[in-house]
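The following pair of complexes shares a single chain, chain A, combined with chain B in the former and chain C in the latter.
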Partner chain A sequence: MIRLVPRTEASAFWQIATPVMAVAATMLAGGLLFAIMGYDPVSAIRTIFWDPLFGPAAGYSRPQLLVKAAPLILIASGLAVGFRAGIWNIGAEGQYIIGAITGAAVALAAYPASEMWIFPAMVIAGALGGWAWGMIPALLRNWFGASEILVSLMLVYVAQRIAAWMAFGPMKNPEGFGMPGSRNLQQYPAASNPELIAGTGAHWGVVAAVITVLAIWFLMSRHIRGFHIRAAGTAPRAARFAGVKPQTLVAFCLGLSGALAGMAGLFEVAGPAGQITDKVGVGYGFTAIIVAFLGRLHPVGILLAGLLLALTYIGGELAQLTLNLPAATVQVFQGMLLFFLLGFDLLTRYRITRRVTA
Partner chain B sequence: MTDAAVFQARGIGKSYPGVRANDDVSFTVAPGEIHALLGENGAGKSTLVKMIYGLVRPDEGDMVLNGQPHQPADPRAARAAGVAMVFQHFSLFDALTVAENIALGMENPPPRRELSARIAQVSQDFGLPLNPARRVVTLSAGERQRVEIIRCLLQNPRLLIMDEPTSVLTPQEAELLFATLRKLAGHGTAILYISHKLEEIRTHCDRATILRHGRVVDSCDPREHSARTLAAMMVGGEMRPIDRSGRQAGEVLLQVKGLSLPAPTAEGTALKSVALTLRAGEILGIGGVAGNGQDELLAALSGETRSAPGSILLEGADMSRLGPEARRTAGLLAAPEDRLGHAAVPDFSLTDNTLLTAGARKQLVRKGLIDRSAARAFAEAVIRAFDVRTPGPGTAAKALSGGNLQKFVIGREVMQAPRVLVVNQPTWGVDAGAAAAVRQSLLDLAGQGAGVIVISQDLDEILELSDRFCALNEGRLSAPVPTDGLTLDQIGLMLGGAHGMEVAHL
Partner chain C sequence: MNRRQLIASVAAMTTISLALPAWAQDEPLKVGFIYVGPVSDGGWTYQHDQGRLAVEEEFGDRVETTYLESVPEGVDAERALTQLALAGNDVIYATSFGYMDAVINVAAKFPDVKFEHNTGYKRADNVGTYDGRFYEGRAVTGTIAGRMTQSNKIGYIATFPIPEVIQGINSAYIHAKKVNPDVEMRVVWAYTWFDPAKEADAANALMAEGVDVILQHTNSTAPLAQLQQQGKIGFGQASDMASFAPTPRVSSVYNNWGAHYVKSVGRILDGTWQPEAVWGGIGDGIVAIGEITEAVPAEVKAEAEALRDKIAAGEYHPFTGPLNKADGSAWLAEGQTATDEELSGMNFFVEGINAELPQ
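Showing the complex of A and B:
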């Protein structure tokens, strides 16, 4: 009989090994799935995980890696801080959308001015928008004890409706011949978020993501606030005894993750996406939850996990083009990844022993 | 019946990473003997019996059972050889009946009716009243233990191991248990009895093997020794008589007036105009049955809950609106009752656990930045000064035994040199040696001119430590009385409530 024996301390080895095993298992299970669907599993896996980086068309797809990874890493870094404290912001997607809207609003209001302050002001406005959207569940939890999980998630759908309203109404491009969607910020130099080094895909969002990873690492390992967050996540009463006010922590975590998600939304709308449409939200806010857990809620892990998940996006698109794999492939992959990760996670907290039953 | 030993251990040794659990342990259990294994928490008792029961294998030494070498590969082999064990925590299925539970634990259970008859027979023979058809969920702790004992007795064991059996029993149930054990011993079964309750060992055991730090330090007839000598053997030279000298009540340090707070939860207790005055060099004892506002009072003093302005003054400064951090900076420190999860973060290392309360006073945190080497040095200092047994400051708090973690928690506060320290149940669940160390440290702290409040259910502890005593009853604090000349009876009256307090005023 197989038995699970709790470990006294979480295994450091399995902490690192489980994400790797989850990726391997996802590839295996994915390959099996493709085989059942009648595709060549080896070439499908290669198309998704290898070709975007080293395949014949890698020149086009490689820059996309940073473009896709930056918002994921930016959002996941913020989410991880809250998750460490046991504060579950599931609505980063909504904060991302609102950040995109408030950031773009600054640009659209300033149009066609060309001052230097416009882009920085957009970044700040984007962060503030995401922060405000994150503060709604924070305040509702602090005042009424409402679950931040449900409230933040529901606000995603509200944000999506606001985005649609903006795209068809107040923000609609007056020179857009009646087409829905705002002005394209890529064509407005003072407000655009261009590729900084040609061929890398690196825009200001990538710079922000790297800075954020460093800052979050510093916060969590060197600063007393990070210590309090970690304490609150594992022993809330001890944290309160140390002097942590739970309400402050809720506001801090939801505000921080909201601001980072809002910033990610702004960088996206001013750069790769270019304009506010009803489809501003493309799921980065949800995928970032997987990134945060796959990265073990650790900044460096999130950096790697963000790159990996970005790869599945690009590889999935490539597989759609070249192998005619269905569009849902990416989501299936991401879902499996989270599933296997949570499954293998058991190994960090339990040992498996074999014992003859008495 | 032979005169040979039922069980013999010779030079048993067992090591775990960082700990020598057993070292050259030898002892002999004679037939019909109730043999006590006596030792503090962490002295190696559990490891030793786990080896006898086949749960753990010894690194060195050998064991003999009934003249045969005893090397059980697993508990089944140990049971087959004639060893039975009743654990401190029961392994019974609530939804099943007594007979079904017993059948589940047997290698070859006989048909149900025969089994019921045998259960009835054994329970009658040994004075263990138990109805085989009852569901376990309806049984009391004592009755559940009887199920476990009968399960053992049906195997006709030569050696019965009982791991702290009376910790879950009422005094009446304990008496019944000893009567049973005595009958069993009369039939020639040897009983290995694990406990740290000195009085019951003195009254009921024939021999005692005393373990300390994994070694046998003595073997004696416990009936010939006082509880005090046994305790001294158990803890070695660490058992110092409590030294209360050198203290003088000085200026007023802490003043609590009209402290009223609503109950924090449905199960909590409201505090009702609590008032007290604490002077420098003084220990104030607050007694009372748990659930009468102890946790709430500690939270109000530590700053976890705020109270009305002016209700808590430290050296004249209003603390009532300040949080725990600010109060610590001012010199008002506290150590809550619950070590794991309240006074310490179980998953964090001892080093990290110093940051929980000592950040400001020991300058482990400056401008929000953690000085980890300073934290580590402070953790090491606490470990040294309070004799915390642990491989090092990197060990997780939850890996420490209760007594050692308590020494660390108290040490962490005492070594910050507080002006006022409030502790709740400082020695709850702590073995005698650690308890004495903790109490002495509180006395020393008061001797250096700090004020100490000891909230405790242990009245002996309060009488031993405190200069004045108050009773906390349904969130009300009685007026203090000096402990000199106070008897347990008088205290009992005070704890009884309003009437008691009036009596105590006389």
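Showing the complex of A and C:
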């Protein structure tokens, strides 16, 4: 009979091994699925995981990996800090949308001025917007004990409605023939977030993602706040004795993850998306939750996980084009990845033993 | 590899690359589509994909079609369009309004690829646009609605306050009023193109106000399902929705994009394609009226079909004066017809519609 025995300490080996196993299992199960659907599993897996990096059009798709991964990494880095402390921000999507709106608001108010301060001011406004949206669940939890999981999630829907209102109302492009959507910030040089070096895909959001990964790594491993966060997550009672104030931690974690999500929203709306529309949120805030867990809530892990998820998006598109795989494949893949990860995660906290029962 | 082999292989590669252009001309024309929803949505994207299949059927081996489905408007659109261009497509049809700026950006990078953008207004040397005059179809269904209502209250489930939708509401009302002077129009803004739950709520809200005929601009069959339960009638939208015939679906206005795609691909094949602003109606086959069922009396059916044929022949314009705006100001004088420019920026209701028009 197989039994699960809890480990006294999480296994360092399985910490690293489970994400790798989850990816391998996703490829296997995905391949099986493709075979059942009547596609060649080997070429499907190769198209999704190999071609974007080394295929015939890799010169284009490789930089696109950075473009797609940057917002995921930015958001997931912030989420991971809270998740480590047991503070569950599920509403990064809403904070992303609000950040996009507040950041774009600065640009649209300044239009058509061309001062140097406009773009930095947009970044700050985007971060503040996301921060404020994250503070709502933080304050409601601190004052009334409301679940931050539910409140942050519900606020996503509120944010989507605000985005629709903006796109059809106050932010509507006055030169847009009555059609919804703001001015396109890509066409407003002082406010746009273009590729910094041609052919690399790297825009300011990519730069911010790299800086964030380093900063979060420093925070979590070198700073006293990082110690408090880790303590609160693993031993809340002990943490309290060590002087950790839970309310401060809630406000810090939700505020930080909100600000980073808001910044991600701004970089997207000023760059790849270009404008505020009712569909400004494209699910990065939710996908980032997968990225955070796949990256083991560790900054470097998140960097790799973000790139991997970006790979599934771009490879999924290639698979549609070359093999006619349905678009839903990508979502199935991402779902499987999280499913297998959580499944294998059992091994980091439990040992499997065989024991003969009497 | 010795030197002789190297020379031989270089020579072979040169031959291949020299031979390529001539060989390429016998290649089929590669036609790419980018869809905002899945091809199985039974509505907007489904109708575009039917158009793609019509192209395959018409041109057979001379074309090769591919598509990318469920591409969200926004951050992903430009990359997906670039992927389609890099995959060697000669023409790309972008089938949602929100792709507009991405199409213009990508078209600038691929001057040899032709692009056509559905429902947009930006064009370039290699970018055309195409759209349907859906208000022509609404004139026909509005006529049927005006004749069929018992309560003299007809309802319209609207999506977003954009010109296309406002044209549809106005056209439906004008023609219902023409055959039934007592008719009133109720409008519910659903703020979605496809959301069965919201659409069902909207239908129920309208019926609670006494509405017994509903026109919908949203793309799901949910309103028809609600109408069926209460024994009221409505119309198919975007696709024919024939599974709800003969009642509650008594007719439909559906998008027949194949009529445009076949014409456009044909022009590319014979080298006469130009970046145009195509705005086609019933006469061009882009807007189609689904079968009017036996639930509609024969004389009403004949009246509606006569109107359809007059519009198709260009003998009648659905926006013909005298017409006033809802605020009472004059719009079109007796016999005057609306210009395309006025229609494509339409942001007002005509006189008689007492409904909220969000600005």
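As a working rule, the second predicted complex is superposed on the first by the 358 of 358 C-alpha atoms of A that agree within 3 Å, B and C clash if a C-alpha of one lies under 4 Å from a C-alpha of the other, contacts with A are read in each partner's own complex, and residues count from 1 in each chain.
As a convention for this text, contacts are C-beta pairs under 8 Å (C-beta built on N, C-alpha and C of every residue); 3 or more make two chains touch, one makes a residue touch a chain.
Just so you know, these numbers come straight off a predicted model, no measurement behind them.
Once chain A is used to superpose the two complexes, chain B occupies space next to chain C without a clash. When the two complexes are overlaid on their common chain A, residue A:178 makes contact with chain C while staying clear of chain B. Judged by the touch definition given at the top, the superposed model places A:235 against chain B, while chain C stays out of reach. Contacts of A:243 after superposition on the shared chain: chain B is touched, whereas chain C is not.
Shared-chain residue A:320: touches chain C; no touch with chain B.
When the shared chain is aligned, chain B comes close enough to touch A:223, but chain C does not. Ranked by how many residues of chain A each touches, chain B and chain C are led by C. After superposing the two complexes on chain A, the closest approach between C-alpha atoms of chain B and chain C comes to 39 Å. Put simply, chain A uses no single residue to touch chain B in one complex and chain C in the other. The residues of chain A lying in touch with chain B in their complex are 8-10, 222-225, 227, 230-231, 234-235, 237-243, 245, 356, 358. Those residues of chain C that touch chain A in the complex are listed here as 38, 66-76, 78-80, 82-84, 86-87, 97-98, 101-102, 105, 121, 160-163, 191, 344-347, 358-359.
For chain B in complex with chain A, the residues that touch the partner chain are 74-76, 107, 302-304, 323-326, 328, 334, 336, 338, 341-348, 352, 355-357, 359, 365, 368-370, 396, 398-399.
The residues of chain A lying in touch with chain C in their complex are 57, 60-61, 64, 67-68, 164, 168-169, 177-181, 184, 186-187, 268, 272-275, 277-280, 282-283, 313-314, 317-318, 320-322, 324, 326-328.
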